[in-house]
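Each of the next two complexes has subunit A plus one other chain: subunit B in the first, subunit C in the second.
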Partner chain A sequence: MNQNKQLLMIDDDPDFVEGIKSILDSAGYSVDVTYNPKDGLQALKEKTYDLLLLDIMMGRGAEGIMIARKLRKDPKLREMPLLIITGIREQMAFLFPGEPVHPRFVAVDELVEKPVDPKLLLEKVSALISLSEARKSKAG
Partner chain B sequence: MASKTSFSSEVANLLHAAEGSPLQTCIQCGTCSGSCPVVKYMDQTPRRIIGMINAGMKDDVLKTNTFWYCASCYQCTVRCPSGIDIAEAMYALKRYTMWKSQYKEGLIGPTFSETFVKTIVRSGRSYEPLLAPTYIFSYGIREFFSEALNATNLMLKGRIPILPPRIKRLENFKRMIAHIIPIGGTE
Partner chain C sequence: MKTKPKILIIDDEEVVLDSCTLILEGGDYSVSTASNGTLGLEHVEGIQPDLVFVDLKMPGIPGIEVLERITEINPTIVTIVITGYATVTSAVEAMKKGAYDFLPKPFTPDEFRIITKRGLERRKLMLEAIALRKEKEILRENFAAIVSHELKSPLGAIQQNLYALSGELASILSENQLAKIERMKIRIDDLLKLINSWLRVYSVDITKIKDNFTTISVSSLLSKAIETIEPHAVRKDISLIQTIDESVSFIDGDEGSLVEALVNIIGNAVKYSYPGSKIKVNAIEKEGNVEISVIDSGVGIQEEELPNVLSDFFRGKTDQSGTDSHGIGLTISKRIIEAHDGSISVTSKANEGTTFMISIPSKIIEK
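Take a look at the complex of A and B:
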C-alpha cells in the first residue's frame, strides 16, 4: 500500500538522513533526499510529493522555518502534509534551557523532535498521508 | 541510498545561500592566508583549511581552531581571486561544530558567542561585564589586572554601565526573536 507514496526529505545531516531513510525505505515508502533548502525547493517544484519531512536548522540558521512559511503561501504546495523533524531545542539549548519548542510556530501539520522513535515516525507519516488523502477526496 | 554525502558537500550545503564561489574552485594561491591578520594564532592557515575540506579530512578540520580565531575582517573574501567567501565558510564551520557540539575543548569562541547571544536576547543590548568572564580567566595575572583596571576606569567615567542596559519595548523585540527561533518565546 505504501509502494506508490513519494516522500521528500530536506535535512543537512547525512547521518540522520541515512537512519530515517532506512526506516522509511523498509516500510515501503520511496524517499527522495535533498541536503539543502535550495535543492529541496527545486525538487518540490519538479515533482509532486505526498509528504515532506523537514529539518529546521540548516544553512545560515533556521531555514526550515522559511521553507515551511513559503510552502504555506504557495497555493499548490499548501495541501502537502508536512512533518517537521528538528533538533532545534538541543541546538539552541544554551539560549532557552529546558523550554519547549512551540508547536504551532508555523501552521505545520506535525512536529517531532530528534532523536525520533522509528515506530512514532512511521505512525505519524502514515497518519499524515491518510489525513491528506481524506482531505483530497472530500474536496474532489 | 546512492552515496553518503562527503564532508565537503556538507560544508557546501551549509553555504548554499552564500554569494561566493564553491570551495572546490580554490586554486590554493594562499592569498587568504597571506592577508589574514590573525593567522599566527591559528593551527592551520585558511588556505590549508579549504584544501583539507576539499580533501574530505573532516576530523582534522574539526580539530583545528582556525575558524574560531577568524576575526571576520573579510580581507580574505575581498582578495580571493576565485571569489570564494572564505569568512562565510569560517562561519559555516562554526555553525557546524556548534550544532553538533563537536567543537574543541578550551576555546573561548563558543562560550563567548553563547553569552553574547544570551545577553542580546534577554535585554536587547550587550553588556561587557557579563562577557568578560568568558575570556578573562585565560589571561595571565598581569593582563587580568590591567583589563580589570581598564574596566573599572571605564565604569567610573560612565563608559560601561553599572546595571545591564535594556532597550525600549523589550517585549516587542522578544516576540520578534520568538518568530525566528521557535523556542522559549510566547508565540
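Take a look at the complex of A and C:
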C-alpha cells in the first residue's frame, strides 16, 4: 500500500542512508536519495514527494536547517511532511529554543534521533503522511 | 621570538630608580621607571608590564592605592612593594591588596635581582595557568562536536544497518545467528548511551533547564522514577519501598530532568544492593524544602571514597550486578539537582549501606 509513496532522503552519510533506505524499501516505499543540500533542493524542484527525510547536521554545520527554512518559505513545499533525523538531539534545543522535539518548520513535521528503530521509523513516516493527507482533504 | 620581560619601577627617589635600573642592566629585561603613582599607572596601562615595583611612601597617590589600581587594570600583573619603613603592618596590608612580595629598603643588588627573578617566575606561572584554563575550556567545548561527529555518526550508521539487516535476514538466519545480531545491537546501543552521557556532562548547559520549569508534584515524580527502576529491582529481588509524608506537595522544576536524576540515584542503589534486600525512598517536608532520601543496605562506600562519589567518572569498586556502568550518572544527577537550587549529599558505611539525601526548595502554592 506504500508503493505509490515517493520519499526523498537528504543526508550526507551514505552508510546511514543505506540503513534507512533499505528499511523503507522493504516496507514498499520508493525512496530517492541525495547526499547534500544542493542536490536535495534540486530533487525537490524536479519531483513532488510525499515526505522528506532530512538530516540536520550536514557539511560544516547545521546545513539541513537551511533546507528546512527554504521549505517553510515555499507555499507548495511547506505542505510536504518532514521527518528530521538528527544525530544530536541535545543540540536541537539550541537550534529550536523551546521546541526540542517538534521543530514546527512546516505544517507536519517531527524529529527523531539517529539511529532510528525500524518500527519507530515506519510508524513516524506513515503517521506523518496520513496526517498531511488528512490536512489536505480537510483544506480541499 | 621571545619578548623581554617588562619591569616597571615606581618610586619618588631618583637614586632608587637609577640604581634599580642599573642592577637589572644586562639582565635581558625591558625596564621603565616612574617617579610617582599617576605616571606609574599611565605606564601600567600603556606598556602592560609583567612586574611592577611600587614604593609604598610617595607624594601624590599613596603606594597602597597604586597597588589596588594595578590589580584593577590587570590582576595578572605581579606587584612587589618597596618600603622604607619595613614594618610588618604595612607589608601585610600591601599583601592583602594583592602584592606578591615586599622588599625593605635598603636592599642589596643581589636581593633585588633575586626578588625580580621570583616575581617574573610568578607572572609566568600565572599566565600559564590562565592559558591552561582557556585550553581546558576550548577542549570542553570542542569535545561535544568531536564526540558527536567522530564517534556518534559512525556508530549510528552501523546500528542503522544492523537494524535493516536483522529485518531483512529474519527469515534466513538461525535463531543463534539472530541472537548474535541482537547482542551486537545491544553493545552498540550501550556505546551510544555512553556517548550521550558524555555529551550531557560536557556540552549541555544544564542550568538552561530553568527556562522550562513548571510546578510538579513530588509524588508523581517519585512514582515515575520508581516505575522506571522497578523492573531492574525485581530482577534482583530487591524491593523498593516508597513513603511520602502528607505535607510534601510541589516543587518548581523540570520533570524530565528530575526523573532522570532520581532514576540514576535509585538505580545506583539497586546496583550496589544485595539480592533480597530493601531500598527505602522517603520524601518529607522540612524547613521549606522537600527532602528525598534513598536508603539502601548494600555494599556501602569506603570512607575515603565518599568525597569522590558525586564527582566526574567515579565508579564504585564493588558492583553487585557485574553490569557495566560509566560512573557518570551521579554527576549528572548532582548537576540537575543543583540547577533546581537544591543539594545532594551522601553518607555511607562500608558493608552497611548508603544514603543519598536530596533537598529541593518546595513550592508555595497560594490557596
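Note that the second predicted complex is superposed on the first by the 120 of 140 C-alpha atoms of A that agree within 3 Å, B and C clash if a C-alpha of one lies under 4 Å from a C-alpha of the other, contacts with A are read in each partner's own complex, and residues count from 1 in each chain.
Criterion: contacts are C-beta pairs under 8 Å (C-beta built on N, C-alpha and C of every residue); 3 or more make two chains touch, one makes a residue touch a chain.
Everything quoted here is computed from the prediction, not taken from an experiment.
Peer 1: Report for A:8: first if it touches subunit B alone, second if subunit C alone, otherwise both or neither.
Peer 2: It touches nothing on subunit B or subunit C.
Peer 1: Of the partners subunit B and subunit C, which touch A:44 in the superposed model: first, second, both, neither?
Peer 2: neither
Peer 1: Quick check on the superposed pair: does A:83 touch subunit B, subunit C, both, or neither? Answer first, second, both or neither.
Peer 2: neither
Peer 1: Once the shared chain is lined up, is A:18 touching subunit B (first), subunit C (second), both, or neither of them?
Peer 2: both
Peer 1: Touch check for A:129: first (subunit B), second (subunit C), both, or neither?
Peer 2: neither
Peer 1: Would you check which partner chain A:52 touches, where first means subunit B only, second means subunit C only, and both and neither mean what they say?
Peer 2: neither
Peer 1: Looking only at subunit A, is it subunit B or subunit C that touches more of its residues?
Peer 2: The partner making contact with more of subunit A's residues is B.
Peer 1: Output check: A:71 vs subunit B and subunit C. Expected answer is one of first, second, both, neither. What do you get?
Peer 2: Once the two structures are laid over each other on A, A:71 reaches no partner at all.
Peer 1: Please report the subunit A residues shared by its interface with subunit B and its interface with subunit C.
Peer 2: Common interface on subunit A, subunit B vs subunit C: 18, 22, 57, 87-88, 91.
Peer 1: Would you pull the subunit A residues touching subunit B in the complex into a rising list?
Peer 2: It is residues 12, 14, 18, 21-22, 33, 35-39, 56-63, 65, 87-89, 91-92, 94-96, 99-102, 104-106 of subunit A that touch subunit B.
Peer 1: Enumerate the contact residues on subunit A facing subunit C in the complex.
Peer 2: 13, 15-16, 18-20, 22-23, 26, 57, 87-88, 90-91, 93, 98, 114-118
Peer 1: Help me check something: in the complex, which residues belonging to subunit C touch subunit A?
Peer 2: On the subunit C side, the touching residues are 144, 148-149, 152-154, 156-164, 167-168, 192, 196, 199-200, 203-204, 208, 211-212.
Peer 1: Which stretch or stretches of subunit B touch subunit A in the complex?
Peer 2: 1, 4-5, 9-10, 12-17, 95, 98-99, 114, 117-118, 121, 178-185, 187
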